[in-house]
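For reference, chains read A, B, C and D in written order, and residue numbers begin at 1 within each chain.
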Amino acid sequence: MTEFVAPEIDWLALAPLIVVLGAGVVGVLIEAFVPEKVRRTTQIVLALAALAGAFAFIAVLWPQIVVQPVQVVGGSLTLTPFALGAQGIIAVLAFLGVLVVADRTTTGQDAFAPAASAVPGTPYEDLARRSGLEQTEIYPLLLFAVGGMMLFASTDDLIVMFIALEVLSLPLYVLCATARRRRLLSQEAAAKYFLLGAFASALFIFGVALIYGFAGTVRLLEIAQRVQQGLPLEGMSVLLVSGVLLVVVGLLFKVGAVPFHAWTPDVYTGAPTPITGFMAACTKVAAVAALVEVLYRISIGVGGVSPDIMRQLQIVIVVVAILTMVVGTVVGMVQTDVKRLLAYSSIAHAGFLLVGIAGFNAPVQSSTLFYLLAYGLATIGAFAVVTLVRERRITSGTGEDNGPVGEGEGVVLGEATEIAQWAGLGRKAPWLTAAFALFLLSMAGIPLTAGFIAKFGAFTGATTGGLWWLAVLGVLASVVAVAFYVRVLVVMVFQKAPDEPESTGTEAVEAGLSTGSTSEDAVPTSGGAVSAGAAATLTKVRVTSAQRIVVTVVRSRGPAAVAIAVCAIATVILGVFPSPVLGLVEQASKFVP
Amino acid sequence: MNDVIGLAPWLIGIPLIGAAILLLGGKATDRWGHWLGVAASAASGVIGFILMFRMIGTPAEERSVDHHLWTWLSAGGLDVDLGLRLDPLSLVFVMLVTFVGTLIHVYSVAYMDHDPHRRRFFAYLNLFVAAMLTLVLADSYLLLFVGWEGVGLASYLLIGFWDTGRPSARENAVAAKKAFVMNRIGDMGLIAAMALLFAGTGALDFATTLSDDTLGSLSEGTATAIGLCLLLAACGKSAQFPLQAWLGDAMAGPTPVSALIHAATMVTAGVYLMVRSGPILEAAPTAQLVVVIVGAVTLLFGAVVGTAKDDIKKALAASTMSQIGYMMLAAGLGPAGYAFAIFHLLTHGFFKAGLFLGAGSVMHAMGDQTDMRRFGGLSRFLPITWITMGLGWLAILGIPPFSGFWSKDGIIEAAFIPVEGQPWRAWVFGTVAVLGAGITAFYMTRLFFMTFGGRRPRWTENQHPHEGSPLMWWPLVFLGVGSAALGLVLGVGGTFVTWLEPVVGHAEHHEPVLPVPVIITSTLVVVVLGALLAFRMYAMSLVPEEAPRGSFLTRAARRDLYQDAANETLVLKPAHGVARLLQVGDRDVVDRGWSLLPQVLSWFGAVFRKAQSGYVRSYAAGMAGGVLVIAVVAWLVVGLGGAQ
Amino acid sequence: MDITNYVVLAAVLFAIGATTVLLRRNAIVVFMGVELMLNATNLAFVTFARMHGDLTGQVLAFFVMVVAAAEVVVGLAIIVTIFRTRRSASVDDVNLLRG
Amino acid sequence: MFPWLTVLIAWPLVGAAVVGLSALVRSRTGPASAGTGLARPLALLFSLVEVALLVGAFVAFDTGAAAEHQLGAVHPWIPQIGASYAVGVDGVGLLLVALSVLLVPLVLLAAWKEQGRDEVRLRKFVGLVLLLQAFMVAVFAARDVFLFYVLFEAMLIPAYFLIGGFGQGAGRRKAAVKFLMFSLGGGLIMLAAVIALYFLGIGAGIDPSRAFLVDELAAIDLGTTAERLMFVGFFIAFAIKAPMVPVHSWLPDVAGNATPGTSTLLICVLDKVGTFGMLTLCLPLFPEASRWAAPLVIVLAVISVLYGAIMAIMQTDLLRLVGWTSVSHFGFIILGIFTFTPLGTAGSSFMMLNHGLATGALFLVAGFLISRHPEKSQKISDYSGLRSVTPVLAGTFLVAGLATLSLPGLATFVSEIMVLIGAFGGSPAGSAGWAIAAIPGVVLAAIYVLLTYQKIFTGAPAAGLEGLPDLHVRERVVAAPLVAGLLVLGLVPGLALTYVNAPAEQSVALTTVDEPADAATEMGSDK
């Protein structure tokens, strides 16, 4: 009769995860038991508290982890400084992201459909909207996603990594489909994201299987040891190489690197903007962290014993990095939609990150972390700004009421994401514009913003790895990138907003066409809301009924404004006095992940 | 000497301050401004006299004093003081500039009486005096260059004095610009010369650069280069061939300006530069020869042009050009010529100024009419002008004992002095000089009689010519006396030559190829012939009011022997073509080239963008394809790596 | 029987699944392709587990199944929503987002 | 000792902040658009105090050791990447700092009425100007390559908004973008070189936590190839800024579209960073490569001189014309630097100052002229005969023009003659020939200045311009200091030369010794 031996578990190390995921579970219960009036508030408070708590635990953990990494439950959770740093960054960014999500603005509507399951334009949906339904499930979903990300970034076990991948992906799939406006786009985004994501994770897991076949284990460090010991069987290297390749591909998909990037622009455009910001920032952190861990543990984890493997991986990363930078920047140049432009910019940034990672040396970890932080702040801030720039339709007769009307007459519609529509924003909302400009400059890597220090670190990493020519390529690519950020700057700051109604009206219509915007707000009658074809008919409707769409900036109810302010200030501080943060992340590269 | 040397800076300072007051003072100084100008000029004249007086008192070998004011430019081995050099040469100029200058100031008070901007005019005149004195008093090429361009500026301002509010305003402005730009072309030479000098001698001040040991260190090639560069500068400033085109147009300025700047002083700065740089030229025979040739060419050129001009000022300008040609020629002849170059410069300063002022008073009397075919028979109406100009006329003809004779004859004799190895030179240049004298006699006589002589007046009845105010004719008298007597005073016994010896060195006497009396008589004969010819044509017979078509040569001469046309076709047109080419090139090649970059990129962008088709399956296909491609690439590269 | 056969079979299944994803229009079928890929993975896991003679692989297979199940739930939900909106489950109809 | 430079850098920043905050004051006391607010006087006050501080700096500066970098401070800034806050100026740096400090109040005065009664735009304008000033002072004082680079790029942003936000020209947005893209392009190429420098420095055993100090980097010997590559990286950036043919395309557009005040700050001060960088970074860091590249650079410089001048002659737009003249002048400056003679280098350093004064005067006076035109036209052909209408304006313009054509007696002449004479004796092959080839530039200068003067101010007054007012007091106050400065420095150039001689000697010494490392070490050591 053997007695039960409880496993030794370092609960403190698990605490951040437990807090977040636990809060997620609690959130589900809240949906069930808390009365509707206070439900939303409770959820928000809970989510923010959970993230803050998680961050607190991380802060507590940090000193001991930087001294000695720990492995919990046999490595399923491996906390290196790098992993913990990634967790911390995810927590911070998620906190800001939740703030943006939680903001209902002065229109009193958040960005989410009252009943996402309802078919757009059906009476039921109208009913749901009128009765002011709200989907507060998004908060638990967000928490689950965050939990998945934190786990994703900090495990040594490929299977756990796979599960974490799903845990972070599935909620995101759902969240993508919940946009209040432009429902079709939102759903399409979800579908694409899901199908491609599933495909990618299938590749990933098959890769895991192959690696398992080679090594007989799915623990990265053990795999590395096997590699060191040499090949057990002839031709097994094929298993290893193709396996690692597939795994890396699976990760690169999440990172959004060319040629696995195709989902990024569509999903970023279709998803509700706050979610896009959250997704763009946090997912990238998690994915890059995981990528670094896999690559580095396998290649240099045990002293780069197998030059072939290392070499092959490096080549893969270099090739992908170049492709990513080129496509991201060059295609970004021809974008006309702000969200799409930001999507391509995130692709380009994936490229710059990879340039650093391709250096394959331990110090890169810290510069990568800093890059992720800088990028994440700028991204969340930028998308938060996007959520506040709206179209306002002004009809002769006050149209059917949907949601309370903001200041001034007319009805506030969805975001005005056409770059052309942003003309003259500088006069409408100077501070908001200034913040957005700051984020763009940071993304462009202009000195005295966080982005510059980050880019400097990335290119330095590549040069340390002897890839100075790759660094030069990166530099050239970032020149091109600057070009398209500047384009937006010019429109916002220097161009005057077009005044005469007709032009704006038609402009908005074209905008509607090009983004396939069939937002049910614009046309309550469900007839048109089927496909792009119908979108054309509904444009006729618009033009004939002399409505004009003007671009307005809705006031935030607070949270989003806070988020933007925090992002902006942080961006500047990290640009001018980065040394404290750099000092922190520098410790991250003390150990190979 | 040293007790009064402290006054030297005030030679320049006073007129400069005068100019400053007049320019900055604005309308407030309108009432008395012109008298301030006169006073300033006169004051530096007085100082000049004092210095002159003291210098005469000092023994010859101590007559060259450098007065250091402050270190001007000291960098990287180049040390240039802001200093003045007082020696016989510079003082001669000081006297000329201040004396003639003051007279012309006085004359202008009356001449510009009706001009609303008289104050500005006097400011510019003072500025000119200051700059000219800087030029001649400078003790280094660099400071000389300051005065050099300073007078250029003053001349620019004064030529263009009437550059608005008149029908001819634009032309005046263009003439002014032309003068300045052509001067600048010459200045390139001075800059290059300074560069060469610094590279060769490591200094720019006269004391160092012109001392024998430094020059000994210079290779003849360098010396020649420097000499030619200096010559270029001189040509620009003194309207010598081929940079002579601006002088004729410069007559657009008020007549006193023409008298002071474009006859008496500024245009002779080139000669001063040549004489001052004598040691360098002597180290470079080739350069000397070129100087002589330029002088000879110009003196003929000017003379020929002079014969055909009907505009009295342009005729005088041409004659100025030609007379400076004489000086240049002399300056190229070495020590034998220097003294006479300066001597002629001095006398010419007087009689040419007199002639110009006379012309001015004629114009004043005839309502700014300058066409001599509209004059005639003025002697009765303008007696003083008639007499004073007559003296000037005799002087320039070189009739003894008038001043021109002493200086010009010296030059002609010097031209006949043989140069060993090149016997032809003496003959050629001697003949040219004599010939020039003849032509000079012709056109000056023509000018004189077309203006004052002739059977009947050729002006319309409603004009009532009369002498101007005393302010105008007193200066004429002074200058007339000067033109008559100056030569006699300074020429007899070679007073002037010995006076200059400390500077230009002693010229040991050479015998001309012809005996001196022969030269003198033949010159006089030629001169008289020329004069008689002109007398027959313009005094005895009627002068048509409309210029006859004339022979080819006449027409050519009227158009300055096509110098402007030549410049136009040889320089301006090609230059403009080049400029156009550059302009188009910059727009369509450089600029467009840069703007091509983003275009190409966005083209690629549009191409890649097509890949984003919106179809899930194509995305998936892209991913699958990507996997394969990357795998292949990885394998290939490593395969190669393994192969190595 | 050589182990290679199993591995090859797994690979073939995986390839078939991938091809399905690439070629079929119906979202459901595409999704089934993904499931097929996952199952190929399972086969591989089990095979290798047997080869290495430890149970980890088999356990992993269960993990994969569970995850697959979870994916099915979310995936079908999304596909069905789209179907209800557009009356079509063809993945080629959802291409408003492009460029 | 007192950190003068830090104060000089910080003060305008404070000013910019205060001006920004003055918005709040206005909005509380009344409608923000009501007439002229606090912004202008505040900004002027700050810039004047800055001038006072500058005087202090000059007093504290030891001219005896003008070649050493003084008044500075070194503090760790981002030790993780080896960047330190290291400032210090030698004579040249001090003069350029002075230029950027002195021009700002004048520009503010000149732009006093420019933004009309639009209080918001006005506040933005002066705020940006002060911000730009802080950056400019800092960049001239930076003794740390990283710091220099950061400022080099960061100052583009205020400049960009100044160009694009306040110009008169329709094409000002394009011009701003063009400016930004050119500069950033060059800057990023430089970034690559900076990173490389970082590695070689650490490789050569420099303490990684302070790896960017110029003096230490100058002390190490980089391999020939690497040195040349990095030189190219730096030089391209500086050549674009300078601006040098053929990477000058952005300049005329900017000059033609920005406000004269902006152009003054931009072209007269900010662009000096290009030549200043060549002098204080390229030469000390890459002496061998500088010698290697000199022959080509000289040719390009001479081409710039003539090219810029000819293009200036062909211009029809007044401000573009002034812009082109700068291309020509920068050519002279670069020529002087890369012929490696003490005289030429000193001349170039001096010319950086003089060009600032002369071209600044020309830009501002041209601005006054344009502001008088009913349609604010910049076309030269729209003006005529104004000498009789606005004599003082005409006179000031002429003086500024004469300074631009470097008339003897004015400071510009001294520097130009120093450059030409110095270059003639330069060490790189063919210097003499190219120096001679550059001399026609002086004739072309005469043409473009006098032709412009002739077209605008002579002849019969153009219709509609008869009644134009002459320069009023404010404008005279703006022009006077510049003209006075040009005159004084022209007669007593020693005032400035004492600051530039020693540095010139030193940088020439760097490039003439055979073993660059040695020269570098002794330079590093005398700090």
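Criterion: a residue touches a chain if its C-beta (ideal position, glycine included) is under 8 Å from a C-beta of that chain, and two chains touch if they have at least 3 such contacts.
Keep in mind it's a predicted model, so treat the numbers as computed, not measured.
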Discussion item. If I average the C-alpha coordinates per chain and also across every protein chain shown, which chain's average lies closest to the global one?
Written reply: D
Item to complete: Could you quickly compare A-D and B-C and let me know which has more C-beta contacts?
Response: A-D
Item to complete: Provide the C-alpha centroid distance between subunit A and subunit D, rounded to the nearest whole angstrom.
Response: 43
Response to the item:
Chain centres from averaged Cα atoms put subunit B and subunit C apart, in whole Å, by 97
Worksheet item: In whole angstrom, what separates the CA-based centres of subunit A and subunit B?
Response: 78
Worksheet item: For subunit B and subunit D, what's the span in angstrom between their mean Cα positions?
Response: 37
Item to complete: Hunt down the residues of subunit A that sit against at least two other chains at once, touch-wise.
Response: 191-192, 195, 199, 203, 265-266, 483
Worksheet item: If you look at subunit B, which of its residues touch at least two other chains?
Response: 598, 609, 612, 614, 616, 620
Worksheet entry | Residues of subunit C engaged with two or more neighbouring chains | 18, 21, 30, 91, 94-99
Item to complete: Mind listing each pair of touching chains for me?
Response: A-B, A-C, A-D, B-C, B-D
Worksheet item: Can you name the residues of subunit B that touch subunit C in the complex?
Response: 609, 612-617, 620-621, 624
Discussion item. Can you tell me which positions in subunit A touch subunit B when the two form their complex?
Written reply: 191-192, 195-196, 199-200, 203, 241-242, 245-246, 249, 253, 258-260, 262-263, 265-266, 308, 311-312, 315-316, 319-320, 327, 330-334, 480, 483
Item to complete: Sort out for me which residues of subunit A touch subunit D in the complex.
Response: 441, 446-448, 452-453, 456-457, 459-460, 463-464, 468, 471-472, 475-476, 478-479, 482-483, 486-487, 490, 493-495, 578-579, 582-583, 586
Worksheet entry | Residues on subunit B engaged by subunit D in the complex (per definition of touch) | 23, 70-78, 82, 142, 145-146, 148-150, 153, 156, 160, 163-165, 169-170, 172-174, 176-177, 180-181, 184-185, 187-188, 191-192, 194-196, 198-199, 578-580, 582-583, 586, 590-591, 594, 598
Response to the item:
Within their complex, subunit B touches subunit A through residues 598, 601-602, 604-606, 608-609, 611-612, 614, 616, 618-620, 622-623, 625-627, 629-631, 633-635, 637-638, 641-642
